[in-house]
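In the two assemblies presented below, chain A is common to both, partnered first by chain B and then by chain C.
Up next is the complex of A and B:
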């Protein structure tokens, strides 16, 4: 019906003996085709520009000096490349330490989430025991609940934790109080370990839900064969089932990395020093503070450099793994 | 096969369950308990006041405002994001030249997809900070600067963006400007999602439609859209929950985090303000419980709508 016909289309057209359009109608169709194609490209290009332009503008502005930013805010071409903006944002702005904190917390958080989440999901999906359904639905119930419901208790509890833990262990004679004062600070405010545990707990609902449905789909025969061969339950899990669940693990892993990397409210709430020690901020939290302080210092070039530094690694990782990221993220929400 | 089964189950479940109970379930319970007290944080004394906080909540002008702003986001964000994402996905998959049998993507559709996906990777906080630079109220801002250069607006009357409380269609302007950011950030992801769903629709369905003389637009409306219903409703659920949680935008961008003059107050900003700026822990918890009930009702409603018969192919 158009200039290019696939064999399949042709065959279908013949067998169905569809009414053939007249020549004029055919030309008309080709005309709308071209028009439609051009129309599509225009719209798609406009949206692409709208998406990319602000990011490119911010990235290029980070090479300008303050004077140029003020005089020519819109220009895309920096007069000279001011790499010192990045150095300033990294050291003075504190982006360097934000990165270290974020990488440590998200690395630990995602690893533990995946491990604990798939362990729980596996047991709940493939073993029948009393209370199985109850535990599963308890995990599921956490899904739609907004984090703000826990804000006050989490805040209060975290700030009280060191003292409570010291008290608890203090009752054990001889070694108790030293154990308490050792563990306490790790679970108190402004501690990366505490933030990791909080992230893990809050990521469990979705991870368990997702992996549960994944483990359900795996064939039972392989598991039975492994058990007959004398594998223990935990060996069966780590050696057979977990590797078979790899596609699911990748999807939920990407989902958790992005989710925990972008988390800002929990760090804002909990990563506050109770004494005089330095605040261990993650990127999202640190950027908020930087942009608020911006009002006083007006280091615009440093700010743009900070935005760029926060933007680039994620985009680079994405460009390398874009297929997996797109597939992983879309799979994790349609499950 | 039986040996060590119980020990294995306990061993695998213990740690996740304990963590979940300690950091998620217990705080929920505590919040519900605190919401019946007038606890103000600085002492351990938590005077029980029954439903007082809830009664007060219904009379609180700011809470009412916050509620309607939440509802605005809840309706506007999914509707506009899904509409735009569907439109772009349609252009991307059906806009191609030639071969009218089935959907044919435009040239370079994978490049478009990669680009459109970018904002999804930036955290909401980073998006907010980036847009702060775009939304500046003088000629330094990208949007004001461009519009002044094109003489669309005069130099003396720049757009005020997030510090503009004047209502437009009954909703403060600041919320519309925030909505724009949400659309910018969300559309790409849902477009990729819809696009993937469109490609999984078998070609013979389109061929049949084309043989029947359906045009592109007709086959999109009559064939593609109904078959996308599952995906669209999933997107709607997700966007609904994201829309309830636009606190990052409000927190970073608006003056006094909910302003100007409370024009961008949402539930989360009210909870945070009452708890950590005024020390009204009990009242903040009551607000959080109200928000949770709202979210649960929403989830139940969405589940009901989604759970109709699925089309398998």
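Up next is the complex of A and C:
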């Protein structure tokens, strides 16, 4: 089909007539661009050195012996590799039990945070119901609250919990007191379950905030297709929407792992034995103990080995999932 | 009135026809309305009866409520008023999961984390169909749609046409009571769209499942639908066979919307058994109810309602083509008419949904006609020619109400 139209060359002529930047102006623009490029590269290089150097220094110092650490504190290359430093940190420093405690608490904490956080975020993002915004803003309200503000209520609540639970269940005849005395210790001080619950409450705000915006970017027609196909709401969430949210889940999962792994204040506050039982410390507390104990013994190499061991899991997790973390962070921008 | 239709239903030549499934279910809408929060009335008391095994197309310009109506049938949108029946069951308040209908979306809505095989089998899995039966039906549908070699791919690794076929397959494999299709071809390129249209038509003839199909493309509506329902501003204007819709539109909007290029309109008067416009007197067809009338009307003529002036006694109109569109066998001529242009809400709404060349004709004060003439007739821009008006192919509309005057 041919139609009589306006000559096509007109646009080209208009383009040609448009004012072009002069050569001098162009050179000036290029020069400015190069300057800022170079400046930003130098800035990023300095930043990278500031971040990476202490880590590399600590990691390499863990292979040195104490004499070299004292004599050449700034050197990077160990004279010989002292693997025994790691064995000493693991056994004498008690790092093994700290690791187990941390893995259990962080594993449980991250799993529950992700499960509850993504479920809450999905419902708040995709279903309209009375009070939806209120609940969402309540979650958001937790974001700016520093953990120190919750220290006193958490401390008091945790230490009072076993007694209150025993009182509550004690009202139930026959089995009540047994139930109370069974549950109470799990929610009291120096309990991994209690710490997991506190971690979950602490991490939910950001998880719900992040996943809420992620779920809003997912197409609604896919959920509708699944509903028409006969999926229940729970099946739709676990079978269709959650797999689609994988990049977001991985990103927020890494944040939670790092945040909970490095958490020191909450365990320091709450993991205190009320009786004479063994203290269930996590890795951050353990490292402080290690620095004090090994410091008294002048076992600097053991201390650096402990720090390196504590860093490794988070570093490995980040390196493995690095690509997904970036994808998750940019997902809402590119969609 | 023996002009060719704008499109004909493709024949399913090589596929053995199957009778309509005995369990095919009809869909009945009774006074169905939808009012969105904020008070917008998207669908206004629509009555529609889709017979078992029938292919009905809902067509209309953007925002006319056709997709909302389809989503209400699927259960994805709550009904504000009226009732929806699937067979003899009132499904108005049932969840989408409980309606046993399948829907094909414009965006295909394939599950991105599942392979084609799992996409096809998802609905069966949700209905707890056993694995052997599931595999058998998925394989069967994959063969019918030519998807066997794609079963282990994910949707991201498929082309647009392949995704469209998977979406169709996902609907077919469940053997639902009805198919609901929301512009399933609009994301395909023009050539693929024509081929998929033919495939869809064949599939319907083969399966005999009740189908409600939404499109804004009237050519698609006319070629696919056994009946076509035209909607405007949430109100059902007319539901009829494509032939009847084309030949007997009930109002100005339907007349303007159906047919490509669209019908030409001009302000005219009727008196003494003839219509008068642009210094032309066209005798009314025999038996016309307007024979004794003396009134103003809107006169409509299809582009195919003109002929090259011969000795057939038809009144002739001298015109100078401004634009000549070559179509090969035929030509579209665009000519100015010395009469005021018809500019009503109905024509504006119909033309706004159409192609750019129709919109091009709007800003002029004078009426502009599109005339279709045979390709072998010598025509050139600026050269006057005589066009004969076929009195049998005139349509008359009330200028106030837009209703057809018969």
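Here, the second predicted complex is superposed on the first by the 225 of 335 C-alpha atoms of A that agree within 3 Å, B and C clash if a C-alpha of one lies under 4 Å from a C-alpha of the other, contacts with A are read in each partner's own complex, and residues count from 1 in each chain.
The rule we apply is simple: contacts are C-beta pairs under 8 Å (C-beta built on N, C-alpha and C of every residue); 3 or more make two chains touch, one makes a residue touch a chain.
What you see is a predicted model, and the numbers here were worked out from it, not measured in a lab.
Trainee: Is A:243 touching anything from chain B or chain C once the two structures are fitted on A? First, second, both or neither.
Mentor: Only chain C is touched by A:243; chain B is not.
Trainee: So, does A:35 touch the first partner chain B, the second partner chain C, both, or neither?
Mentor: Neither partner.
Trainee: Considering only touches as defined above, state whether A:83 meets chain B (first), chain C (second), both or neither.
Mentor: A:83 contacts neither chain B nor chain C.
Trainee: With both complexes overlaid on chain A, does A:227 touch chain B (first), chain C (second), both or neither?
Mentor: A:227: touches chain B and chain C.
Trainee: According to the contact criterion defined above, which of chain B and chain C contacts more residues of chain A?
Mentor: Looking at chain A, the partner in contact with more of its residues is B.
Trainee: Just checking: does A:258 make contact with chain B only, chain C only, both, or neither of them? Give me first, second, both or neither.
Mentor: In the superposition, A:258 contacts chain B only.
Trainee: Have a look at where A:235 lands relative to chain B and chain C in the superposition and call it first, second, both or neither.
Mentor: second
Trainee: Quick check on the superposed pair: does A:137 touch chain B, chain C, both, or neither? Answer first, second, both or neither.
Mentor: Touch status of A:137: no partner.
Trainee: Tell me the contact category for A:219 with respect to chain B and chain C: first, second, both or neither.
Mentor: Once the two structures are laid over each other on A, A:219 reaches chain C alone.
Trainee: Quick check on the superposed pair: does A:182 touch chain B, chain C, both, or neither? Answer first, second, both or neither.
Mentor: The answer is neither, since A:182 touches no partner chain.
Trainee: Could you list which residues of chain A make contact with chain B in one structure and with chain C in the other?
Mentor: 1-4, 227-228, 232
Trainee: Which of the residues in chain A come into contact with chain C in the complex?
Mentor: Residues of chain A touching chain C: 1-4, 219, 221-222, 224-232, 235, 240, 243-244, 246.
Trainee: Taking the touch rule as given, give the residues of chain C at its contact with chain A in the complex, in rising order.
Mentor: Those residues of chain C that touch chain A are 74-76, 95-97, 99, 101-103, 105-107, 109-113, 122-123, 126-127, 170, 174, 180, 323-327, 357, 381.
Trainee: Under the stated contact criterion, what part of chain A meets chain B in this complex?
Mentor: Those residues of chain A that touch chain B are 1-6, 8-9, 12-13, 16, 18-19, 29, 33-34, 36-37, 39-41, 43-44, 47-48, 50-52, 54-55, 57-58, 61, 69-70, 73-74, 116-117, 119-120, 122-124, 127, 129, 135, 138-139, 142-157, 197-198, 200-202, 204-205, 208, 227-228, 232-234, 237, 258, 261-262, 264-265, 283-284, 287-288, 291, 303-304, 307, 310-311, 314-315, 318-319, 322, 325-327, 329-330, 333-334.
Trainee: Sort out for me which residues of chain B touch chain A in the complex.
Mentor: For chain B paired with chain A, touching residues are 1, 4-6, 8-9, 11-13, 15-17, 19-20, 22-28, 30-31, 34, 41, 87-88, 91-92, 94-101, 106, 112-126, 129-134, 139-142, 145-146, 149, 184, 187-189, 192-193, 196-197, 207, 210-213, 216, 231, 234-235, 238, 241, 244-245, 247-248, 251-252, 267-268, 271-272, 275-276, 281, 284-285, 288-289, 291-292, 295-296, 298-299.
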